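There are two complexes below, and they share subunit A, which is joined by subunit B in the first and by subunit C in the second.
Up next, the complex of A and B:
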């Protein structure tokens, strides 16, 4: 829509100004940030980087920087609210927004002076036409008049006689206006009903770099990670993922082709990105094959590893592959080369027999030097684990910087520490999923499923973080759909709540859409949460950039849920 | 003692105890008038707003867009000698009227400055040119709807006799337009109202009322009549009132809500004043119809009916009794519980004046179940209504028998007024302290002063009254101190002895 128009514009403006860079806390935003930082570095643009975790943070960051800065770049935040209304900026502040959150607020769409949206041309926003939702001041003024003064008050002493036609026309205008407003409400309701995500921000910035012919392999890799983040955290449809992977593949082969000569002389610090049709086994190259199978959502759910039967099936599966248990249980790195060579084919063959038809997926891998090989999803899990680390009581911005660091190839140690964190997180998720399923913690509330993690559940602290809880939520729903026999329940969305801050007595609540192969990944919980909170005056905090993630006072939980059930029934 | 004077002064304000009953009413009435005046200004402003915010109608816009050239053309046309082609004059007159009928910024001043008023007034007399008559009447109506200055311009160009003559036009729409114009002139204020009356506008208007007059015409006519009853300083002359009343009574028996509304407002203007003026209204026998209209489903009818009855019960005991006999006490409870706060307030005001009557009327008030809604208003009403309710309690306690006062206390009124001692309004606090004093006087007659002192203390009243001894207002301080000295020093003595 606006993309090409702004490419040159953005560059031109940003070249000569100091810029405030406000970045949301998700992996795609981090990758986009890395790309933009590299671009700024090329052009020697001065910038200040401010991580923001929510709307309040964004508001504070803006207040703190609005005096020194005119230009603000917002990554993965700001598109889905009326930003000018929220921040009340001066007239000369300009916001460049690259945000995957949809729907984009209509005011942001139609404000061309202060809000510059970076949106891919072929992303269909479905924005209602201007005339359907905005009217000129004059029209509005004319409509709100009613000739009757307050009923029951004393009549006026003098009365002017209007044209008959004028009166009729006014009535007609009022009627038309009421109809228009009703239609506007309907249009906006339809438009704002579902929350979903558009093209990854890092891909957007990569394409910007490419158009400026400033793209590098590092940037390309970051864009791949950003896209993979959207897939790992289930933000986009499978179709969209496959399409965007194809786009990235073209860029990858272009880069590989361009640098063919260099690649031939492998060096210790070279970097090689390759398209892979690899296994959906999380972190398997940094774990043992066995542990990876046990802790990957796809295999765990299909085998139902939380049941005895499932464990048995897994053993059979391993036997079918003809892999010695000793090999399977030891570190992947130490496995026999002979086994590793055609491992993927072996696994795929057995998987097909066991009904795991999609054990392989199109993705990308990277080689740093000779030794280090990572899949894009490895990077996503590691960085996410660092970003939401609960290890020590480090601040959000410390975690942000660490996560950002782990994306640089010069900081592989950080990346490895992230991988270890990620393993622990994935194990915690699997254990929680298993215990929730085995103890029937998932309740059907009518229009949705509901699961509450009690204070004292192991690893509950981990799940006070939005990305971790969302991931748990998705894994749990997938596992539930595999385990339940109730056909109706298979089609329901899931709401999870976990303790957020015990002292303040708050819980974090996440809602996700129903699980299905063909899911459009559109989430209606954002609006529903707002309405339910409003109608019960529950004490909620809608601070997350994802509207389907909120904080709620523990005491208000039951009335909030009751309202939600009524609302969605 | 200054306290005593204050108390006396206050006592003198009560209708019954009062040496000078008229004084209290006057006071209450003047407050009401002020409120009503404010209201009128408000509604006037509102109207202006509407006018400003509305879109001009498209046709008129065409004229405006033709800018000054065309308006100069029609102004010139309007000054052509009358033997000149009439249709040109007619079109120009209509153009002017349309400009004046547009919703936004009608060019009243421009048209007056162009000297068109005398032309318009002369058109009014052209009985052989009814279209021109009509357009001119409409244009002048709209100019007269402006500010006092605008109305003045119309009157000074001799429009009054011309319009009165036009009332007799055989063409109904022309006559109706004249009615409207005269309404605007009368609505300007007492001065023009009386000029119209002197020009015998009333008989000319009343002559147009007959069984087959269309409803639309009657609506305009009723409104104009109501403007002829409206405004004070001075009130309209009694002779005029006597002329209008029979027709108003007749109109009050029709079914159209707009006619009923304006007719009721007219009655409310006529009944707003001293007892002689109220008497004129009561003697027509319209009171029972007004009480009936207090239950009308339309707020626009019910409000002025309630206002009229409120005025009547502020009169003499006899006049109040007429309203009581007509069943006003049966209607008031539902009005005191009406969803609109302004209705609650007016109803409570009426009740407070009935409570100022003799104990026979107070007894009827109790029998008809007015105490529960009264206590409800004391507890939960909005402040203006609470103020009226407090007055009702004070009037009740000053005129009621001992048994009646006991009944009132038992209904929860004492507790409610004690709770109201926290308000900021000094006047209200004084009225409450008076009520408490009255209740004590009743207790004295029963020899139950100590029991009452204990009750007041239990209800937190003593603390509040003690606090009021620190009040900034000297009168409040004195009244509170007198109460404490008179009725609570004993209690303290009693408790002291008790603890010994």
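Up next, the complex of A and C:
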């Protein structure tokens, strides 16, 4: 059941117990984990942290730890599946789940004892009412058998009439039951059809910290990063992002209130978070402006930088702003101060001329010390690159630990190495997008677009990871929508496949909803993939917490796709 | 040259100035003792002769006596320094010494160690109004009761005093009371994480 703001209860329950933290591998979960760890440190709750990458990992971790722990906290995993069925825990295990995946499985919602969901009150879940889905079986049978035992004592004359009545009633009851079940199937189908995301887990935990008045600037910054992760990876709508930013802004101004005084100014090393209406150029402060413009999805798609025309337009754009090429190609920090001063306004003005209406976005930045300034999106890209780094000999949990470390202010080296990795990843994405569009690798299959990355493609190893592939997928779709003239194709969703494990012969398949201004980001591919796999008995692994990302045997690719086409037509 | 062997022992200890205990150098020790015995006997005979009238032997008697004193000083310094190191081992490793260290101690040193352990234990038991206090932990005042540790290698299950079992898997992080982790941190299984 829901446990929003029954938080002091939660705190009491956990205070003298040991807790197992099972954390999914995405940035929002990492940030939420950091906040929760800090809270546990405050209250000295002993815990064990275990990273999990998918359902199998979750199952293994649970089995290993179920003897030693009664309380489990699951971050960004576990809400969208019948957890008790999957894990088969003992009756005294309690699960606290803070997961952004929606829809929440109805069994989890209506379980009163073992599953506690941490969800914001405003989040509209649309859960069907209890009676529509669950029904006590006993009532019907009791009615019937009562009648039958009565009949035995009646004189035989009336028996036939009563028999007919009983049979009719039974037929009626069975018909009603079938109707109810059909309606139930329909309701559940509608409810579970689309997959989407709710409020960021790190924001939830930050609110918990705030209610307990144990919130610090570090926690606030992590909550901001978690929210920005949802925006960078296109998990929430623009409306929701703006609303959540406003919520965060209230917290930021509350924390900044103390710095107002001239006399009591804080040391330069203290952390300052500030609201920024900054450019949508990825990593531009840690790169050169030119590179950033070339490798940011927004500018690259709008200028169509994979074409010659696009390149010329970019040069015009720079000339229009009066920025010399030499300056623009330098590291951002070494650019002339005179140029940097009004850069944002200058760029905004020129972008409006070129049709880039939303070049600026509301976000937050942090700075501590003389050199260290980061925007929230910088942190998201850096940490994501570390989390999915494809260096040899590094297991998933090694990467998880490295990424988790990079979020602490004391590990700036880690963060900077993450930024370098992120730059390489973005460049790889741009090149792949350019080559896919120029060589027409995106094929329309009818109800959806499809693109397959061949094994020899440069940097294809980067795209064997879910977050990187999803990002590539989204950029590719945006670029495709900008470059195609076919009006119908612009409204189609995209499925992308890339080799995952060459030895095992599997590919990773990702499906994303169509690109539009007013998209509600709801994804139906989860169910579609399941059905297609079942109908063709393809060998698939639905291990990821996002149901729209699966692993498939390369050989089964064509029949799987055919099934999808028939399913979605 | 006399007393050279004794210096060898001192040099050996001096080389390992970080508190490590080298193996008990039985051979050199015995050689020094033999040298001392030889010197003593020579001195005995010379003293008898000198008493009998040969006064020119007195400087050589004095020389040998100085050598004897020097050897004695070196040997006692050797033994005492080793004892100090062994004592420090109790504070660092706890009451069970790792096998390789025990191997380096001679029988008498082992005996001394167990005596030391006993006195330390009875002293600790007498503290705190009869309840006992383990003073070998927390040599520096700790900043917090609980610390965050990260597991560096798969260590399997680890049982703590109150019976709870923790599964130490590579890359899992735990937040545990300080005293439960110190042993493992020293062994290199856990790593203290500062955030």
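Remarks
Basically, the second predicted complex is superposed on the first by the 531 of 569 C-alpha atoms of A that agree within 3 Å, B and C clash if a C-alpha of one lies under 4 Å from a C-alpha of the other, contacts with A are read in each partner's own complex, and residues count from 1 in each chain.
As a working rule, a residue touches a chain if its C-beta (ideal position, glycine included) is under 8 Å from a C-beta of that chain, and two chains touch if they have at least 3 such contacts.
Bear in mind the structure is a predicted one, so any value in this text is a computation, not a measurement.
Once the two complexes are laid over each other on the shared chain, residue contacts for A:92 go to neither subunit B nor subunit C. Using the contact criterion defined above for the overlaid structures, shared-chain residue A:131 touches neither subunit B nor subunit C, since it reaches no partner. Using the contact criterion defined above for the overlaid structures, shared-chain residue A:397 touches subunit C, although it does not reach subunit B. In the superposed model, A:503 makes contact with neither subunit B nor subunit C. Residues 36, 39-40, 42-44, 46-47, 49-51, 53-55, 57-60, 98, 100-103, 106, 138, 141-142, 144-146, 151, 177, 180, 183-184, 187-188, 223, 226-227, 230, 261-262, 265, 299-300, 302-304, 340, 342-343 of subunit B touch subunit A in their complex.
Looking at the complex, you find that subunit A touches subunit C at residues 18, 37-38, 40-41, 44-51, 64-65, 67-68, 395, 397-398, 400-401, 408, 410. Across the complex, subunit C meets subunit A through its residues 144-146, 148, 150, 164-167, 169-177, 194-195. Listed in rising order, the residues of subunit A touching subunit B in the complex are 138, 141-142, 144-147, 149-163, 165-166, 169-170, 173.
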